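Shared chain: chain A. Partners: chain B in the first complex, chain C in the second.
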Partner chain A sequence: MSVIQGEKKKKVGVLLLLSMLGLLILLPFAVTTTFASGEEEAVAEEGDGEPKMGKDVFYKEEGQFGPISSRPAPELVYPDDYGTYGDYQSRTILWIANQQHLYFGSFVLAVPMFVWVMELIGILKYGKDPKEGKKFDDLAHEMMKISLTAYSVTAILGGILIFTFLALYPGFFGYLASIFRPVMHLYALLFILESGVLYVYYYGWDAFNDGNGDWKWTHLGLCTLLNAVGIVLMVMANTWVSFMMSPAGVDEAGHFLGDIWKVMHNPLMVPIVIHRILGNMSFGGGVVAAYAAFRFLSATNQAEKAHYDWMSYIASFMAVMFLIPLPFAGYWLMREIYGYRQQMGITLMGGLLAWVFIMQATMIATLFITVNYYLMQAMGRIPGSERYHGAFKFILAILVISTISWLTPHTLVMTPAELKAMGGAQHPIVGNYGVMSAKNTAINTMITTTVATFLIYQRSNFNLKVPWAWKGNIFLVCLFALAELNILFLGIYGYFIPANVRIGLSVPQVASTLTCLFVGSTINAKMLKGAEPIGEIRWGQMSRRGAYALFMLAVAFTWTMAVMGYLRSSVRLHWHVNEILRDNSPWAFTNPLGYAGNINSLNVLLFWTMLLFVFWLASLYATKSPLAREAEARGEVVAASH
Partner chain B sequence: MIKIRNKTLFAQIMAIILAVPMLAWAGGGGATGFIDAGTFALVIEVGLALGAIILATVVKKMGMPLPKLVQAPILWAVCYIAFRVILQPPIPFSLLAMYMGVCTVCILLYCSLTTESWEEFSNPIAKMLRANSGGAKMSRYATFVILPGLIAFQTYDMMLPKFGEPIELRTVHPAPPASINTHKKVINLQTAENPFRIGDDGNYLKVGDESKYFGGNAWTGDVPVFLQKVQEGGQVFFGTAGCFFCHGDNLDGLGPFSFAFNPIPANFADSGTIAQLQESFVFWRVAKGGPDLSREAFPWASAMPPWEKHLTTPEIWKVIIFEYWHTGFFPRTWG
Partner chain C sequence: MRRQFVNGSVILKVALWYCAILGGFAGYTNWLPQIRGDAPEAAVAVDVSNVTPEMLQEMGESIIYGSHDPLGMLQRGEGPIGKGQCPLCHRFFMEQKADRCPNLIALPNPETGDEGLKVTEEQRSHDRVKDPRYKEAMERMADGEENSGIVPHAETGGQYLIESEYCPNCFVVMGFGLKGTNDTVSPMPIINKPPIQLVDTEIVAVVSYLQMRDDPGKFTAIEDWEAYWGKTLGEGEEEIKEEAPAAPGPKVALGSETPEEIVTKMTCYACHKIPGIEVAKTGMVGPLLIEGSSAPHRIASAEYKARVKEGLASATTPREYIIESIISPGAFVVPGFADDMLKDFKHKFTVSGLDVLVDHLLAQTEETAIAEGLDRLPNEKEGSLVKPAEAKIDNGEKTVKKSIEEFGDEQDAHLSIAGLENAHAKSFN
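This part shows the complex of A and B:
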């Protein structure tokens, strides 16, 4: 009887999932119909005659012209089109509201991606070892729990952001809304779907949990859907931002030309989206790792310590995995920006905002050094890692040298006396490290080194047993040495060739790095087949410095996001929408570095304060009631609290 | 324990490695020596790193490892000497501070890499703070007198009025305008190309392809079109305009007038100036000079004259060709 019922239930579940997926597939159709109706409307507005045509600011040749379908971009006037709170910079208020929403938004977007991976691993492992499988499943569940609280915070912040826009920048927001009207609505509607799926997914966790059966797979299907909707949401919001930087689909006066896809698919949209997704993942991993570190430090018993030690490792692994391709995505974005407007590129990298880039470089270097340091601390709990202690300082030395050349600025800050002493604005030796060739070399070296540290981490616990171990070791050493030589050689060679060819060089450089990553980790994994552990890993015995390193990592992530967000936004200079809608408020100037740094730090602080509250809530939830504790003391079994 | 023979061997290797940078320095070090600046920097870095490592190994092998608490300040001093004394010409303080900041953090990380080394580093400090022996007490007193003293001195030093000129956060390469108006023509800086990049076949010579003309003599009778243009550009540089008075006859920014100006004229032979710029950007700088620098290039102090008042558009393009040819750099392109 119950078996049949179970079967029935499963069928219903699968049906449910399929229909939801179907809904999602229908979405694009819904979108196109909305747009199509938008076009009709345009024609109608023009009255009987042919619609007037406008020339696209970006698209050339075919599709260069489109029917003028909206009013032009307004000429904003201060104070009529801007709201203020006394003398306070409206821009800064908006800046903070935006940044906070973005932090939480990217966090709740990233966590389900991890959860998806964790749940999948859990299901796959369940067959062989249910206990191990459950461990991963619980981890996924716990991550989701943090994300759920953060989800409502995101929504609140989103509301605050919209109200801030309406209150302080009504003119600008009105224009943006006039263009993105249908997309904005769709965005809001999609949130209903997102929330629905999220709640079913989270609250159905135990109900759907049959180890690795159909129900569990259905549950994972829900997570897939959740992620799909999440990504669509992010892409939509990104198109608004990239439209502000590099508008398309409108004419010079800002008339909408009837094709919303052209507006969304503006020149910088794709690179920004890619960069953001990778960044979000990295950031999400970093925050979860920080959560685990927080619980690790505050744990009162050994079991808890061990659990959070393990969790922090898994989460930071995820963070690093997405951190590694991030610089490459960044270069691509930069290149597209230069391609779009030389002016914008120079403002960013060589001109007005170049110093902000140095701040960012500092953060990136901090990230890589911290990751390596954390792995070294984490090896403290692995018996057998002592064999590698000698290598640590060399790894650190390589990182320091790379960092120093990575940080060397192109334009130096100096007093006139120092300038005279140096004999020019460029230093004959140091100047060589201020250019792209040196930077590429440095970052590739740092990444390769991080990969090497990670391989060491993986094998530190084992005595290799495969017969070809020595050959494998020689191969690995040669692989890394050759890759590094190649990176260095190309870096130096880059000084002797034109810039456009030099940019091409970064491809083989990156290829060396990625070869190390993929070939290295594959060989390493093969070598670990049947290897004999030297001792049991002492989970929970990582040094406290390791936990602090994870905090550092997460804070560095948030700071980097703040800095780069500021940079991306302020490169528009005095434009709301680049070259289309001018910022006529009194705050259309570029902030001094110190001010920007302070507001960024304030943002980071605010975010972490809220986040610590979320963490605390999560630990509160896990705390047993006094009654349960008493019962436990009496030796009775109590149901788990979640 | 190792034998005495090995010890000397180690010492010798170390001496050689340490000597390489010194030799390089003796050989000129700067742009004119037998070894160019970039190589020199590389040698210094590698040499110092290896030297320090070998030194540490030797000391350890000889059976007297330095405690971490001693190693740290030694390492710090080595870094300081490298950046402050060995690296010439002197780097500005802001850069030195940045480098030393990185070194300081990394030395601390080095001391705490493993639990053993962290204990080795921190135990003496903890002992000094906690122990009840006479020695610990003495060092406590000393520390708590010297440390505040140092801070007091630094505060005093900071408050002292200084007479040096203030630091200028100058943007050497400000963003160019989208287009400029020269000799009654609008030039779009995003797309403008040098009309005198002409290959042997008379077509536009792609950036990079001109390398085949590098190093040749442009001043002999029968030369390819491109070199003719170089020659004409050279005429402008040394004759018509006399750029060399400021930018130097080696294009290194060290012309006879150069020291009168602040900022000093650009050094085209450095990889940080024209090698980083698009030809159209350079055109803008030459045509409009210091007076037309954009707002962000505060304080607009450049003495570079606006050459559009004295040269024709073709002359400006040609002198640009000459500058790239002479220095062997390529203009930046995207795409």
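This part shows the complex of A and C:
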């Protein structure tokens, strides 16, 4: 016993050591930024040789002044400071180059996080059930294989993006480079480190694989290092984006004031980074689920089908798990935006860009309906789920009614004749669903319903054995019923109170939803302890519609990223760098939503076409999954528990 | 070996599936309301010691039209209106419809009628200062023009153009003054004050454009400005710029904005007076907007009913009438006015933005206008808001003084002079 404990401690020690190594990567980053702050030469001097000081546009009180250490932001002139390719909008070309790089970048940074979890589960399960542990390990390995091909594509797209900046926006790029000069090479050097670790991690998979021994833990440590470097890279790239939205560390004229950390640690940097990490994880899960769905559809034997069916479930579970906190991160980001510039917040939520949120609502409704649909299809392969099939139509009805209510706009744009026919811009009956009371009720109902579906999915294969099962069931039914009643009541009550009071009602509504999520999941998990499976899950027998639903989910994720990216970028209006560097190109206007929708669809089309190529390449590389090979050799169908 | 390749039909089906999804999403975004947010005009910072006449001319063009292709915009049916907003009233192209203020295009010489020897605005400006009426204005305003405080003292054509921007009342071209003022009061706002508020270099740029547009060699704007003001151009520019408000954002009226912001953004004040809107006290081109009182009468009028019969107008309530007037200004033109309101407002309002403005206009009545000292224009057949008994004063000067006492605001009282004189005239007819 003590020997086992000692081994465990040793393994944990190795993991901790390597994890620390991973975190140490942050040290040179911090050191460089600190040195950079002192190294920058002051370019402007007062008469007595003292550097001329500039006043920071964001930092106040102590540290608000810094030595002017660069030239001011240039007054860009069209066409001198802008390039063109024929009559095409340079901005749209850059938009596409940027979006493609971002998609692949997000994917290759998200997959190692996903793989880290899978590998860890594999190691932990290996001790009890080596076959099960290996299954997760193979899943992680397979994902890295996809990521490796995508990594090359990311690098190529990064090169294209730089060339596009230099060719089409040399003035803007020159200014940004002059500000971020102290850390630009660090960024490039980190890429070399990322590549090195990635190759050792991937190609050393089999060499390091001793089940759950020290070498395997060391391998997991490499993954930690890989993720640490990846996160630092992402943070650095995000500082440029957030600097463009909310500059700091520069004065009104755009002079760099010598402290690169202030530039990077601008007001919106942290919420954007958090939002993007969660978004990346969710997106990564969605793409992996789509890959698994693709392989499921193209599988030629039952074992392969079973493997990819299982893989798609795991990946979609990860995607949804990170999707749930995303709205809260978004709320925090929006609050910080309002804190930084109220006008920016109003432009987003109640002004020029408000209609984009209707599109966002559409996308989120699509995601929730698709997740529910997928779970319903997936239950088709679970013995015992028949007990719940009757509820599906009601669940779908609730979701569709909520979606329609959520998407109903408050007012409509219409011709004078239509306006007259309807008696105003707001429909006398339907228009009532366009207010926030109805919308909050709708989205909370959708999330609560999705949680209920998931709990049904979890228990559909089991006969409960805990003695308090009937009490638990009553509790769960009451929990969901009361939560929904509370959501509905507050929604209706909102119509009878002033708007400023009504805003406060969203808090108890969200509280009801979160209670269902956390309390419901916990009680459900406890009720499943020692539960008896009704039959073996028929992995591989999910309907093809379920696989296509996963594609829908992944494409909707990708499209949501595109539309929210358009929103975030558009809120700068006619500024390259908000209030510092003005966009003086002919494309300084904010595109209408329809144009953005067309470009978003084009971007998503390009991304998924390239990704399909990557999937195809992966299928060339390994014709059969390791599990399929084993199963084929034994002549049996693989079955597993979830 | 064959089974190493994924079945092509799966790739095709998957590709078709996501193409259909993407088509659906794109289609939906195109179905939603389309609002384009145009960038506001840039604040101009010019180092006048290094600026060339051509640069100033180009800058002036941008300030006037908001574009370097105004003719192209006109031909596309768009309104080339820059931050200076000059084309709202002045005519710069034959294709343009604007006759509230003097033409600024080169016209055939009225004396010779020779098409080849057109008189340019630059040439016309020299004649203005030689006009006997200009000398009379100098004497009349020897203590300074009421609103700007400027004493007319232009000596050259260029100086006259400069002066016109800072003091439109210093000389009013015959036939272009407010009705009833004997061409002594101009409908033009003071350009270096809110809401247009151009800075000195921008005004010089506008004058440079006017001078060089038809005659590239005639650039004297900087020299004229410095001679007129007796100081170097650029002095104190920074302070002026600091005071200038930031451009209020893209030119789309939004529901989150106040009526004041919408009126400013849409430049309604250039033509209309609107109670409750600080910037809209001077418009002399369109009717006074007191729709709580006017709209019901207009709908009930014979002229409006005729338009309804023709199928051109369709409002039955005041709210519908106001919306129709903004979205489709040609549906009905108030008798006494020309159909020269801009026709592109339907692209510049969100529905909620339109609601905000309509609500404000509906709340304005004769009483709110009187409370602010605003009055109808003489063109409006409903007549002055000031009762004849109140307006029946000995002469124009006393009328103004009385209205100052009544309204307690000198500027507003001055601005209502046209209405008062109209009432005054009526009382004797």
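By our rule, the second predicted complex is superposed on the first by the 527 of 642 C-alpha atoms of A that agree within 3 Å, B and C clash if a C-alpha of one lies under 4 Å from a C-alpha of the other, contacts with A are read in each partner's own complex, and residues count from 1 in each chain.
Simple rule for what comes next: a residue touches a chain if its C-beta (ideal position, glycine included) is under 8 Å from a C-beta of that chain, and two chains touch if they have at least 3 such contacts.
Since the structure is predicted, the reported quantities are computational estimates derived from the model, not experimental observations.
K.L.:
Kindly classify A:341 by the partners it touches after superposition: chain B alone (first), chain C alone (second), both, or neither?
P.N.:
In the superposition, A:341 touches chain B alone.
K.L.:
Looking at A:497, would you say it contacts chain B, chain C, both, or neither? Reply first, second, both or neither.
P.N.:
The answer is first: A:497 touches chain B but not chain C.
K.L.:
May I ask you to decide whether A:574 touches chain B, chain C, both, or neither, giving the answer as first, second, both or neither?
P.N.:
Touch partner of A:574: chain C, not chain B.
K.L.:
Just checking: does A:619 make contact with chain B only, chain C only, both, or neither of them? Give me first, second, both or neither.
P.N.:
The answer is second: A:619 touches chain C but not chain B.
K.L.:
A:294 contacts which: chain B (first), chain C (second), both, neither?
P.N.:
In the superposition, A:294 contacts chain C only.
K.L.:
I'd like to know which partner A:588 touches here: chain B for first, chain C for second, both or neither.
P.N.:
A:588 contacts chain C only, not chain B.
K.L.:
Determine, under the contact definition given at the top, whether A:430 touches first (chain B), second (chain C), both, or neither.
P.N.:
first
K.L.:
Tell me the contact category for A:393 with respect to chain B and chain C: first, second, both or neither.
P.N.:
Touch partner of A:393: chain B, not chain C.
K.L.:
Under the contact rule defined above, give the chain A residues that sit at the interface with chain B and also at the interface with chain C.
P.N.:
On chain A, the overlap between the chain B and chain C contacts is residues 343, 346-347, 350-352, 354-355, 410-414, 416-417, 419-420, 424-425, 590, 593.
K.L.:
If you look only at chain A, which of its residues touch chain C in the complex?
P.N.:
Spelled out, the residues of chain A in touch with chain C are 75, 294, 297-298, 300, 343, 346-347, 350-352, 354-355, 358-359, 362-363, 410-414, 416-417, 419-420, 424-425, 548, 551-552, 555-556, 559, 563, 570, 573-574, 582-584, 588-594, 596-598, 600-601, 604-605, 608-609, 612, 615-616, 619-620, 623.
K.L.:
Quick one: which bits of chain B touch chain A in the complex? Just the residue numbers, please.
P.N.:
30-31, 37-38, 40-41, 45, 49, 53, 87, 89-95, 98-99, 102-103, 105-106, 109-110, 112-115, 118, 164-178, 189-190, 207-208, 253-254, 262-264, 266-267, 270-273, 275-276, 278, 280-281, 296, 330-335
K.L.:
So in the complex, the part of chain C that touches chain A is made up of which residues?
P.N.:
Those residues of chain C that touch chain A are 3-7, 10-11, 13-15, 17-19, 21-23, 25-30, 32-40, 42, 45, 249-250, 252, 254-257, 314-316, 319-320, 323-324, 327-328, 331, 350-352, 354-355.
K.L.:
Once bound in the complex, which stretches of chain A touch chain B?
P.N.:
Going through chain A, the ones touching chain B are 335, 338-339, 341-347, 350-352, 354-355, 365, 369, 373, 376, 380, 389, 392-394, 396-397, 399-401, 403-404, 407-435, 492, 495, 497-501, 543, 545, 590, 593.
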